[in-house]
Each structure stands twice: as structure tokens, then as C-alpha cells.
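Both complexes shown next keep subunit A, but they swap its partner, so subunit B is in the first and subunit C is in the second.
After this line comes the complex of A and B, so read on.
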């Protein structure tokens, strides 16, 4: 694939959504306006943990232009006290999740800096902001709990009465006894304590909503950034008890998601209160700093891992002790992301006879944690891949060789893992072989000595991963196709692109079957006049689910069209053939186009499909150079070989891979949400304090595909939007540790900032000299 | 309140604004040109980049009154007579955008940058884009798009 998106007969074709996005005609959440709208500003807690003694809004209410002020009391009165948390499975010893209440605005107590406390609505955004400064809130400070390890220690101050020991849930997976037995007879055990650092997703579009209430039928129109309308409706409805069919959710363009948009945030519910009370549409646009404070964060896992090997370097068992920081409240997807996804891929790409993992969730005085690109998959892959590389180094076995010795073999697929997962298909030795060649693994020593001559350190890192993608929360995915009188086919789906390019790829899926140009298919991802069952875009599921249903629906449309055409042409359906937008009878001239058929009668069908989980897999190899004088790391080379099944659009897959690897590299080298342990203030709440990847951080990635068709998806497709992130953490950290291992450093936690590396390297070198 | 007269995309706009109104708010809220985006509050992201008197500026960092009398071009004014600007074409050809939120700012910054440096190296491109953030693309295709834009402009 060259630089062009896709070429048909040498002619370049753009992504179908691009034209409006490059001309400034996109419509993001903050771009909507309604006549008579008010503007909202939230007063947020500046304390991490405190009792609210009083809130005085008198002066603020008198400020010119102010139309209303709402607080936690209004939220409680409305009954908006509990969002949905997908924790519908039992924990250790049949434990039920302890899900604390979270009023849409804090009531009685604040539990993290940035928690909404009051909402001011006024004629202008500036007036609302000015007035909010006149609100006086008296707090009585409570002990602040930031560190999740401290949080679950007995005797630590508790955040919620209903959550003893700040532990909302414990869970275990695998066979504890068998694992212990295997460890007892191991020839070698490698151990690491690893942190998958808390990061901020930061899609570039700040959150925003514009909400209008219609008193006639008690309905709400909610313009908001989403990853899919069904998910947003379901969650908003759960929070507010407003029935789903009374919520008209509207979104057009969404400026990135990465898991952060899948939550129905309390702010949206608070704005609903204001819209109903004032009788006017209310618009709220988050600032970036508010986003840092109150958007859901990602990762935040502390993992103690142990890997047991026999004398030949075969894996015998792995044991994990996993502590997942959930922040102050349980987000909808936080628990499931950091428990279920890691459990599903607990064995990684390896045959490990005995596995055991223990999970504990912790609540802390920090922003809630939810899914972030990969949602637990990068974390488990990182833990395993660090352990494997560490074991290889300790045993003096080549890191690729140790992996290859323990791979699940091609003939083992479909492979049932010890934790009950079934991996559909992979050729891991094939993936590895291709990656080693692409990376010139054998030639590394030459590159190493070249680097050493410059006084720099060089390291190579590898990670081979697999992850679960495609499964959803709804029982099936539906897609509706409707042919217009002009022959343009409208494709309705409840998946929602936040940059993935559904308007192009979904259109391609249907276009291929219908044999018409993709431009003749208009993909609509947001509508309130029809109900379709289906999942949102997240969990790398959309091409596996809704995208595949586009194909199925198009086939159904052809079949259905044949019977309609037969009627119109006065022949039997079996006599009708279809091609390139035209139904033809046996005799020449006997034909009717899609458009002509639609002019005669409604041509509309619904396709559906239910597919299980697909398992993309791959190998990433990174080489880094570290300047010991500055601690700065340069990613010298980055290679990927991925098996994401059958690929629909190579350019889009490459783009997803680029973005995902960049987010992984961001986490590895700099991104970190840092809370001050004493005050609970977020120290990294702007783009000047929080590291964001910039141009030049990644070299051009050398990519290859090594596809095995999915056995779950009828078209052989596997999900891939997150897999780049999943593989990149391990590859990059392994490369850095490989570079510093000769100095006696065998593990460092992310982020591997210049300051951290310089300090560690200097300390070791100092010791060596002394 | 202050009176301002600003030429935006070739049209003279005379309005009264609060003194503290930022140029980006003038563009988005007063004029309704929502192609210029706001991605931060610390002048870091570059989503708000427009041209003022032919130079790329971050419109969140300029007061509307500072732009009084100026000639401003936003993303909406870049394509001429239905013909995309070469840099716009380059971004779509190279798949240099995903969600598109950073894109107007990226394109305006690129057009400005290529005026100063019509033939940039990859390093120069990365330096030139230091003030623009993108969360989706990993910048790889954006760097390609800038190169391609430079090529197309020279044709």
C-alpha cells in the first residue's frame, strides 16, 4: 500500500468523510447551537476529599444573565444518583460488586478534584463562568487517599460507606492449587512488579453537550459526543430513568474516542436538569483542563507477576496479583475492562499449563478510570511480555527463541485456554518469522556495536500478543439498507466512528456486494426515527460486527430486490440476475435498476449477525537508542507484523496501527496522570504539564500483514483498532530495558522519561565507577 | 465592549464584541464558522490555527480586538471556487486525518509553514508541527501529507 488511501484503476479515491473534514464543514459536539440556548459552567471541587458543609449561591444568582444554579441537591431530588456499571458477574467467593452511588453533582461529599459540585447556566458562557466564581462553598477536608495500594490497606480512610477497605470487588481466575504446585517444581521463576500507569485518553475534541427538553412529551434532545447511540441512550436512561425512546441522541462528527466517549457522564445528566428547569436548551463545552480532571482516565494497574519455567525454558505456570485503581467511583466500563479483558487473554500467545490471577479493585480520590484503547488488553499483554523477556534475559536465552519455544502452535487452533477462552485462529511461528526477518533480528549486534561507538545505549525489544476483539454487549448487530429513488443506498448503523472511517469502510462492504461505487452508499450512524439493535464502536468490534453485517445486509438486499424485480418484470425470481445496480431478466432489454425499483416501491431490508470474539495477534519489534548524557530515548526502528484477519481497507488499518502505537509510545515515554499524594491535586492537568506524543516521536513504522482468517467471523475479519497499543507497550519497554540491562537495571516502570532514565543510568554508572 | 472590523475569508465583518473576546470565539460564535476548533486552553494544541495577514496564528491566543483591521483566513476560506487547496488534497490522499478534529488547524499550520519553507526535510516538518497535536494518526501520515502538499504546491 502506498501513500494513497485506495486506488481504483489508478484513480485516487478519498475517504468518504474527508471532504467535509478538510474543509471545516465537520460538525462536532460544540458546533451545534439551538435558538434561545443558555450556556453552562460547572463549579468543580478543588478538594480531593472533603465534606461539603454549605454552598452559598446567593451572589451568583444575582449576576446578570444567570438563569439558574443547580447543585447535588437537585441531582438527588431528580433521582440522578447512580449510573450504570457493567459488573454483572460474581467475584471471589461469590462476591457481589459494591457499586457506590454517584449523584450527577456531588452531594454532601466530594471525592476527587474536578468532581462537579454546582452548575451555573447563563446567557453566555462567560457570564456563567463569571457567576460561578461568586459561589461560596465551605468544605471540611477529609483524609486524602491517592495511592491504590495504600487505599486497600486496613485502617485507611474510607471513600464510601458502602465500600469497606476501599475495595469494591475482588476476583480470581485460573487454578490456584495447580499453579502453586507448578511453581514448586519450577527450575526458574522470574518475578516483576509492574505498573501500567494511569493516563488520560485526551481525544482532541473536548467533551460537550447541548440538551433541550420538550415538556410536551417529556423527551430530551441530546447533542453529544458518542461512540454509538445505543450505548449512550442506555446509560443516560439508566442514570436518569428517562426512557430510552424519550432520548434523542444526536451526533455527527466525533473528535476521537479511545473509550473515553462511551460513558454517559454525570455532567450530561446535570445539564438535563438545567434544560428541564429553565425550559431552554443548555450548552456545555468542557475546557481541556476540565477534561483532564473529569474525563475518565485509562490504565492505572499495578501488577505483580511471576512466571515459572522448567530447565528447558518451557513455561510451567504464571501467577498475577493485580490491583486496579478505579478512581473515586466505578465508571460503566472500568471494572469489566480491567478484569474481564485480562482474564480472557491471561495465557497470552503461550501454552502455559497452570494460570492463576487475583484481581482487586480499589477506589481512590482520583478521577474514575474506564476503558482506554485496549482496555486491559495492553496491560495484560505488557505484564506477560515483560515477564517473558525478563525470563529470557535471566536465562540467557534469545527473547524470540524463548517465545517461539512456548507458542501455541497453528494446529492447536481453535485453542481453548486454561481460563476457558477459545482463540479462533493464528499462525504465531509464521508471524514471528516474518517479524524477525523484517526487523533483521540477526543483524542487531552490528547495529548495537555501531551505536556503542557513539557512546549511546541501544536496545531491542519484542512483544508477541493476542487480544480479544469484536464481542459486544448487545445480542446482535443490525444494519438497515434503504434504496433511494436516485439509487443511492442509505446504510443505517448504530456503530459510530470517532475517526475510524465507517462512512468509507462500511460503504465499501456493501458496495462490493451491490457492485456499485462506494460513493453511492451513504452511511448514517445516528438517527432517532428507527430502532436498531447493535453495539457501539469500541473494543475493536465494528468491522467484525456491524461492518460484516453491511455485507450480509447487502446480500439480503440483492435477494429481496430480485423478488421485487421479478414482480416488476413479470417473471420468476429465479430468472432474475443482479449485477452492478441492475436486475436483469433472461431476455435482453428486460432489466430494472435499483433506482427504478425504488421509484416503484419501498426497497428496504434489515440485516443482522451475531459473531463471537475474534483474536487478532501480532509481533512488534522496537529498537531504541538512549543518550546517557540526557536520558533521551530515540525510537530508531519500529516493525510490526499483524494478523488482523482479512483486511477491508489497508490504509485505514495502517492508520489505526500508527495511532495505536503512538498512544502506546506516549504511555511508555511520557504520559502520566500524576496526583499529588498529599493534596490530591492533579499535577498534569494541561497540555503543558501532560506529555502528549508529537510529530517525530515515531519513525515511519515498517509493517507487514500475516493474516489467518478468523474462524468466528464469516468474512474472516478480526478487530484491530486497539492491537497496536496492546503490542507496543511491551515492545518499547523491553527495548529500553534491554539497553540498560548491562548496567544492572532489570526493570523500570513507565513512563521512561529522560529524567528517569538519566537518573537511573547515572546512578548505576556512578556505582560502577566507584 | 469594542468595535472591530475584520476581513474574514474575504468578507468584511464589523461587529461589537466584549473586550476579552478571543479571535477564536469571534470566528466560531460571532460568525458561526465552526471549522476552527478549540482543543485546549493553554495554546498548545493548534486546533485553532488560522491565518492573520498571511501568517499562521493560534486564534485562541489573539484577542478579537488585536485582529481589528486584519485579514483573517480560516479553513472555510482555503478552498477556492470549489477547488481544494493542494494541502487539503494532500491530507486526504495520505490519510493524514482520522477524526478530523485537529485537521483544520493542521492544514492551516501546514499552509503557513510551507510558505516559509517550501521544501522541508522530515525533521523540519516535525519541528514545524510542534505546535499542533493530533491524537489519532501518530503523525506518520501527517508528515507524509506535508511532504505531499509541498510537492503538489510546486506543480
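After this line comes the complex of A and C, so read on.
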């Protein structure tokens, strides 16, 4: 199967949606308006943990233009008290998840700064905000719990009555006894305690919704930012008990998701209450600071890891003790993604005979944590890759050599891991060899000496990773194709691009089969008039799932079209051939185009597929230079070799990789959601205080592909939207630690800010002088 | 943002009169600080008095050997002005590194100096160059103008009209941009003026200040070694989640050294 299967004459198909998006013609959630709409403003908790003694809305209700004010009491009365949390598996000792209630607005108690307490709707956004300042809330403060390690300690103040020791769930995977036995006979054990820091995903588009209630049939129209309509309907329905078919979810363009846009947030449910009560559409647009406070956060894992090796540097066992901060409430995807994804890839790319992991979830007085680009995959890969590089350094073995010695070999695939996963296909030695060559691994010592002459520190870091992509929560992915009378094929999917470029890639998939230009395929990702089963876009799944079904559906359309054409042409279907939008009979001139066929009768079909999980893998190598005078790190070189199977659109794959590596670099060098430990205030609630990665941080990334076709996906495709995050955390941190290891530093937690590096480096150098 | 009234007077005199009779009114030039403050509902002026188009506040010229910049001149205009680049290239460079293009196209020198944000760039240049701040009422020497965090010698209703920079013999500005905001986490402006060596530090402390020890050391020997052996006392510097006071003290020394290196190398 050729690399360039989906590229016409070797030319990249440029993104069909870009003209609309870059000329400001996109329609985002806040761009929708309805006649007679009201505007919403939320009053949010200004404290981290407190009992709500009273809420006085009298003065605010009299403010000109105010149409209604709603609080937690309204949420409880409506029964909007519990969102869905996908925690449908048992934990350690058959433990059931303790999922606390979360009324759409706080009821009786607030548990994090920014939690919605009241909703004001008024004729204008200004009036709603003005009136909200007249609401008087009397709180009684409770002890604030920010640090997840402190949260689960006995005796710490409890957030929820139903969650003893602030521990909603404990889970274990692997074989504890075998792991302990392997550690007992190990020649070397390397240990690290690592934090994958809490970060704020910060999509460019702020959260927003516009919701109208139709009393005639008790239905709602919900304009909102989504990652897929089915997931939003399912979650909103679970929260509000409004049946899914009474929820018309509408979204056109979505400006970034990263997992943060898959959640049906309580604010949406609160706006539903207001829309029903007032009988008018209600619009809410989040400010950026509200986003920092109340959009779900990402990562937030503290991982203690140990790797046992024999005298030859072969891995014997690994064990992890994982504490996952979930924030004040359990988000839909937070628990499952921070447990299941690490479990799935617990062995990384290595043959490790014995594995054991223990997970504990903690609730704290902070914003809830959910999936964030990679959702547990970057965290597990980071932990493993830090351990492996640390072991290599401690044993004096080349970091690439130690990896190579322990790789799962090409002939081992499909490979069943100790935690029950089956990796589909990879050529890890091939990936590594290509990466080492691309990075000129052997020539590093020369570059190191050149750097040392300038007084700077240089380090090289490597990570070799694998991750689970595809699958999903729905039993299959469906795609519908319908031919218009003009021959344009409309492609319906419930996957939703938030930047991934489905309008291009899905069109390419169908266009390739139909032999018509991709521009003749119109991709529709949101509709309420036809029920399609399928997953949202997340977990790097859409090209593996819905995208592949585009291909299958197009093949089915050709077959279906042949029988319709045969009827129209008065011949047998077996006599019909298809090419470039035309059905032809055996005699010349005997033909009918897709458009002509559609003019005669309806031409539409539904394709479907279920493909399971694919395992992209790769090797990233980073080199950094650190200025010891300022602590500033410059990423001097960055190389990637990735195996995401068959590539549909190279430009989009490269773009995904660039973005994900940048997000990884952001987390490594600066992003950090910091709560004040005493007050529980978010100290980084604006872009003045919250670091975001900038384009100038990265050098030109040198990229190569090393594809092995997926054995799960019929087209050989593997997912890849998140793998750049998964590989970059380890590569970059390993590079920085390599640079400072000669000073006696063997680990530092992210973010590796200039101030932190300067402090650590100068402390070690000061000690050395004394 | 609370509601406010908007007025756009046609002359500086009208502005003065309006501000005198409306004590809760605030002048609006580039709005790069005021607008975010309003959006966060941290201020509630009765009126915004738009002074952004006043000709009397515009223009860059060299007058009697001094570079005179109208208060309403944007950072972008300063950065690309040939007058500034010829007379004080370090000042053009400073302006070029403020914010991003959108900020530079709106923000003004007068607004920056009058606001005296402790992490703003211009105060370092104005102070190190020994500039004179000319207001609608008087002339104020830079050494008297800046009085600590967001505090200046300006009185209510007093507006910065222009700033006059005596041409230094040479000058350089080194900035360490805050990783998140892009403001100066520390910025050091070193100028060899006719009145001697002046070193002004922004970002590191509660307000712009002169580092007198460095000035004295550089007066004796204008070279990197003179600065390298100095220690900036950390006690009075800023400390926050982005860096300790010791880190900022280190940056003051390192940036001073780098500014001197650039000048000594010229």
C-alpha cells in the first residue's frame, strides 16, 4: 500500500475549509443569534470551598432589562444534578466509582473558584453583568484542599459526603506479585517521582452556547461548541433527562477542542433552564478568564515510577503509583482517560515481563480535570520514557541502545501486552534507526563541545512511544452519502473537526473511490434530521473510524449506483462499470453520470465500520541549549519519526504533529495552572500569568515517516492527532535533564521555566564552589 | 465593562477643560492598559476622553539636539522613525520589542509613561536617558517623574504632552520578556549621557529605578568586568509565581552586563 494513496499526482490537497476559516467567514458558537434572544451572565464562586448560607437576588431582579435569575435551587428542582461520568468498570477490590452529584449550579456548597452559583439573563449582556453585581451571596468558608497528595491523606477536610478520603476511585492493573518478585531479583532499580502538571487547554474559541426551548414538543435547539454531536447529545441528555431526539445540537465551526470541548458543561444545562423558564432563546459567551476558571483542565498526575533491570540492562518489571487530581467534580472523561489509557499502554514500546500500576483519583477544590490532547497517553509515555532515560544514565548505557535492547520486535506483532492490550503493528528498530540517522545521534558529542565553548549547557533527549487511537464509545461509525442533482456528493458524519480538517480529508477519502475532485464532496458534520451512529472526534480516532467509513461508504455507493444505473440503462448491473463520476454500459455512449442518476431518483447510502484500536508509534529526539545565566532553554533541534500507518494527507499530518509538539513544549517549558494553596484562587487565570507556547519556541521540526500498515484498520490507517504530545514531553524533558545531569540534577518537574532552571543550576554550581 | 460616555474633543485645551470639570473622566489614548482594566470592571470612569487623534500630541522631531516625541505617538511609529533610529537607536529598539504588532500600533509613549507600569519598557528608557516629561502644565525631569508602582508626579488633570530625550553618546536596552505576558520581567537601559552613565531598571522592582552601584562602577571603567563583579541586592525586588527576587536580581546584573557588552563592543 503506497504512502501517497490519497494524494492526487503526488500533490497535497490543500485544506478545503481554510479559505472560509482564515477570511473570518467561519461560524463559531458565539456567532449564532436568534430573534428575541436574552443574554446570560454567570455569577461564579469567588472562593474555593464554602457553604452557601444565602443568596439574595431581590435587587438584581429589579435591575432594568433582567428577565430572570436562576440558582442551584432551580437546578435541583429541574433534576439537573448529575452529569455523566464514564466510569463503568470496577476498581481495586471491585470498588465502584463514587461519583458525586454536581448540580448545574452550585447548591448548598461551592467547591472551586469559578463554579457557577447563579445565572442572570437579561436583554443585554451588559445588563446581565450589571445585575449580577447586585446579587448578595453569604458564604461560610470551609477548609481548602488544593494539593491532591494532601487531599487523600486521612483527616483532610472532605469535599463530598459521598467521597471518603477525597478518593472517588482506586484501580490496579497488572500482576503485583510477579512484579514484586521481579524487583526482588533486579540488578538495578531506577526510581522517579514525576508530576505531569495541571494545564489549561485554552482553545482559541471561548466556550459559548445559544439555547432555545420549543414548548410545543419540549425540545431544545442548542448552538454550542462540540467535538461531535452524538457525544454532546448523550451527555446533555444524561444531565437533563431530555431525550436525545429532543436536543437539536447545532455547530458549524469549532475553534479548537483538545478534549475540552467534548464535555456537556453544567453552564449549558443552566442556560436550558433559563431558556425554558423565559420562553426566549438565551445566549451565553464565556470570557477568557471564565474559561481559565471553569473549562476543564488537563493532566494533573503525580506518578511514582520504578523500573527494574537485570545486569544486561533488560527490563524485568515496572511499577507505578499514580495519583490523578480530578478537581472538585468528576468530569465525563477525566477518570477513564487517566486510568484506561495508561493501562492500555503500560508497557510502552518495551517487553517488560511484569507490570503493576495502582491508580488513585483525588478530588480537590480546583476546576475539574478532563481529557486533554492525549488524555493519559502523554502522561504514561512521559513516565516510562523518563524512567528509561534515567536508567540509561545511571547505568552508563546509551539511551537509544537501552531502548533498542528492550523493544518489542517487528515479528512480535500483533503483540499482546501484560495488561491485555494487543498492539497491531510497528517496526520499532526501524523507527529508531531512522530517527538516530535523522538526528545525527552519533555526531552529538561534537555539537556538545561546540556548545560548551559558548558557556552554555547542551542536552539530548529521546523518547520512543506508542499509544492507543481509534475505538470509541459507540458500537460503530456510520457515514451517509447522498448524491445531489448537480452531482455534488454530500457526506454526513457525526465526527466533528475542531481544526483537524475533516472537510478535506473525509472528502479525499470518498473522492478517491468516486474518482471525482474532493471539491465535489461536501462534508456535513452537524445535522439533526438523520440519526447516524458514531463517535465524536477525540482520541485520535476520526480518520481511523469515520474517515475510513467514508471510503467504505463510497465503495458501497458505487455498487448501489451500478444497480440503479443498470436499471436506467436497461442492462444487467454486472455490465455496468464505474469511473470518474460516470456509470458506463458495454457499448459506447451507453452511460449515465452521478448527477443524471440523482436527477432520476434518490441516490444515497449509508456505510458503516467498526475497527477497534490502532497503535501509532514513533521516536522523537530533541536537543536543547540552556543559558545558565538566565535559565532560558533554546530547543536547538527537534526530529520526529512517526508511524501512523498509511497517511491520507501529509500536510495535515505534519500540521497535527507541529501543533502537538508545540503543546508538549508548552507544558514542558511553561504552562502551569497554579492554585494558591491557602486561598484556592487560580493564580494563572489570564494570559498575563499563564504561559502559552509561541511559534518562536520551536525550531523547524525535521520529520520523517516510517509507516507500518495497521492490521486493524482495513486501509492501514492509524490515528495521530495526539502522538506529538505523547512523544514530546519525554523527549524535551530528557534533553533538559541530560544537559543538567553533569551538575548532579537527575530530575526536575515540569514546567522547566527559566527561573526554575536558573535556580537549580546556580544552586548546584554554588554548592560546587563551596 | 461598565457603561461610560465617550467624548472626542478637538483640541488639547478642550481636553483640559473637560477633564477639569469632570473629575471622574479618564483620557483614552491607545487604551492598551485602560481598555483591559475596563473590561475587567476594575475602573468605572464617567467619560472616556479620546485624545488619540489630537495633532498636538503627535510627531517626532529633533529640536535643539534633543529628540522630542509627542505623547500620542505609537510604539510602532517610534520603532520605525528614522529620527529615533538616528538619534537614539536603543529607543527605537525598545519600542519595537513592546508587546505585539497590535499593541504597538495602538499603544502610545505618553500612555506608557503616564501609567508607569512597573514592568513597562519606556520608563527605563526615559529614566536612563534623563529625559524631560512635558505636560500641559510644566516640565518634569525623569528623576522626579517616576514615583513607584503606577505612581508618577502627574497631578489630576495633568496630561503628558511630549517627552524630550537629550541625545546620549550611546545607549542600549536589554529586555528579558516575561514568559507569559511579554512585559519586561526585567529590562535594563544603559546610557552614556553628557551627564554621566545612567542605568535604569524596569520589571524587577516595584517601579523603575536607577542602579547607582552599576553607574558608579561603569563610570570608573565602562566594561563588562565592572558589572560582573557587582551584586544586585534582592531584598526589595519583586517575587511571584514566575520567579524569585534572587532570580530577578540575577537578571538585572546579567542584562546590565549584556547591555554594556553591546556598547563596549561598538
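Following the convention adopted for this analysis, the second predicted complex is superposed on the first by the 756 of 770 C-alpha atoms of A that agree within 3 Å, B and C clash if a C-alpha of one lies under 4 Å from a C-alpha of the other, contacts with A are read in each partner's own complex, and residues count from 1 in each chain.
Criterion: a contact is a pair of C-beta atoms (placed from the backbone, for glycine too) under 8 Å apart; a residue touches a chain by one contact, two chains touch by 3 or more.
No experiment lies behind these values; they were computed from the predicted model shown.
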Touching partner for A:630 - first (subunit B), second (subunit C), both, neither: second
Who contacts more of subunit A, subunit B or subunit C? B
First, second, both or neither for A:206, with subunit B first and subunit C second: first
Which superposed partner A:688 touches (first subunit B, second subunit C, both, neither): both
In the superposed arrangement, which partner chain does A:51 touch: subunit B (first), subunit C (second), both, or neither? neither
On the A-aligned overlay, A:677 touches which partner chain: subunit B = first, subunit C = second, or both, or neither? neither
Quick check for you: in the superposed arrangement, does A:136 touch first (subunit B), second (subunit C), both or neither? neither
Which of subunit B and subunit C A:126 touches, first, second, both or neither: both
Which of the two partners, first being subunit B and second being subunit C, lies in contact with A:241: first, second, both, or neither? neither
Quick check for you: in the superposed arrangement, does A:753 touch first (subunit B), second (subunit C), both or neither? second
Just which bits of subunit A does subunit B share with subunit C as contact spots? 126, 289, 687-688, 692
Touching residues on subunit B, where the partner in the complex is subunit A: 18, 20, 32-42, 44-45, 47, 74-76, 78-79, 84, 88, 91-95, 97-104, 107, 122-123, 125-127, 129-130, 132-144, 148
Hey, which residues of subunit A end up touching subunit C in the complex? 126, 129-130, 289, 629-631, 669-670, 674, 683-684, 687-692, 753-755, 758-759, 762
Subunit B partner, complex, touching residues on subunit A are 3-5, 12, 14-15, 17-19, 21-28, 30-31, 33, 126, 202-206, 253-258, 285, 287-289, 498-501, 651-652, 654-655, 658-663, 686-688, 692-698, 700-701
Using the touch definition from the top, list the residues of subunit C that touch subunit A in their complex. 1-3, 40-41, 176, 179-181, 183, 241-244, 246-247, 250-251, 254
